[in-house]
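Should a chain be cited, it is by its letter among A, B, C, D and E, assigned in written order, with residues numbered from 1 in that chain.
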């Protein structure tokens, strides 16, 4: 998974039926120091995140697992809201 | 998912049977400001998009989900036409 | 999917049994203007392509779909021979 | 798989139910000489690793295999603790 | 698939049970001219390769296919030993 921040939303009337009722967020990936890293993408939301939330998200073929059983046409899914990140630079 | 714009079409008489009757579009990926980003690719269309449409698309192993049940030899699928993108730069 | 041109072949006597009787081609990826793009890779052939053919191919977890039902140890599969590419630069 | 070192931990109260009770580690990928390589990511732990451990991990669609049968919303999973790496530069 | 050369081995006592008895090789990817290309990774061996062998390997979600039926926590698998590579530069 990667960290990210929800920065916007996509509106789409015509879309695959599996996406009906699913929020489509613009997500800016972040590194573990919470600095932007890489390009924004569109992610579906599995846990009730909102704009401005720092989240972690799953990419690729496992993104749809967040909605058990339901098969959704997506490849990026927000699966958690980050409370805090703790890192130990000493271990390096 | 990523944004993109449909810029062309591929014709292919000899192809995997799973692709019969499926449109093969040339797709230029876009960033969330709708500027071109990365290389063009070939995507199948799941929702009736046409050349010039701004769309969002699924890549990798989930691309075939767009045609529920039907297994298609593809790794990129257009799953929605974008009405509008709203971003909040203030959240960063 | 991506475009590519078949530039060579791999011979391998000792290989996973799922690859027996399958052609292993060296494939140079091409952009939509048919210029080389990225590094060559090895792809299996699902449709009877040959050296010199301009093809399109599926990468990643869906590559094996080309042989319905049969599970093959591959991650890139040629699924069509390109007749022509039509692009509309005006849409950008 | 890739090598990595566990450098931190993520706390998240609100998350996908499949992640309950699962440790979420910050992981710095390493090359085979154990030097940092690429960006940190978040991985789940399948084998009881801890901060400071040199591990190897699985990415992408297979990361969830580490918990047989259980489907987890993740795309990176620590699957082993490295005892030693032996390389033969002479073979190149 | 990509070409590669087996340059070393990883020892790991504590690992996911699915990896018991499986060899974990350090693999240097090669281009089709057999020159090193990209970073080393760890691959499981499906066909009895050894250090110094020039092989081809499957990455991503299909890597586990090499052990039909058996689900292994891996994302890279050696599936063949290369006898020879033949390329036709004239086709470009």
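Observations on the model:
In this text, a contact is a pair of C-beta atoms (placed from the backbone, for glycine too) under 8 Å apart; a residue touches a chain by one contact, two chains touch by 3 or more.
Predicted model only: the values in this text are computed from it and were never measured.
Chains making contact with chain A as well as with chain D: none in this assembly. Think of chain A turning onto chain C: fitted on CA atoms, that turn is 145 degrees, to the nearest 5. Interface chain B/chain C: under half of the residue numbers present appear on both copies, so the contact uses mostly different residues.
Chain A and chain B have Cα centroids separated by 19 Å. Centroid to centroid, with C-alpha atoms defining each point, chain A and chain E lie 31 Å apart. The set of chain A residues touching two or more other chains comprises 60-61, 63.
Of all the residues in chain E, the ones that touch chain C in their complex are 1-3, 31-32, 37, 46-48, 56, 58-63, 65-66, 68, 77, 79-89, 91-92.
In the complex of the two chains, the chain E residues touching chain D come out as 5-16, 18-19, 24, 26, 28, 36, 39-43, 51-52, 60-61, 63-64, 71-76.
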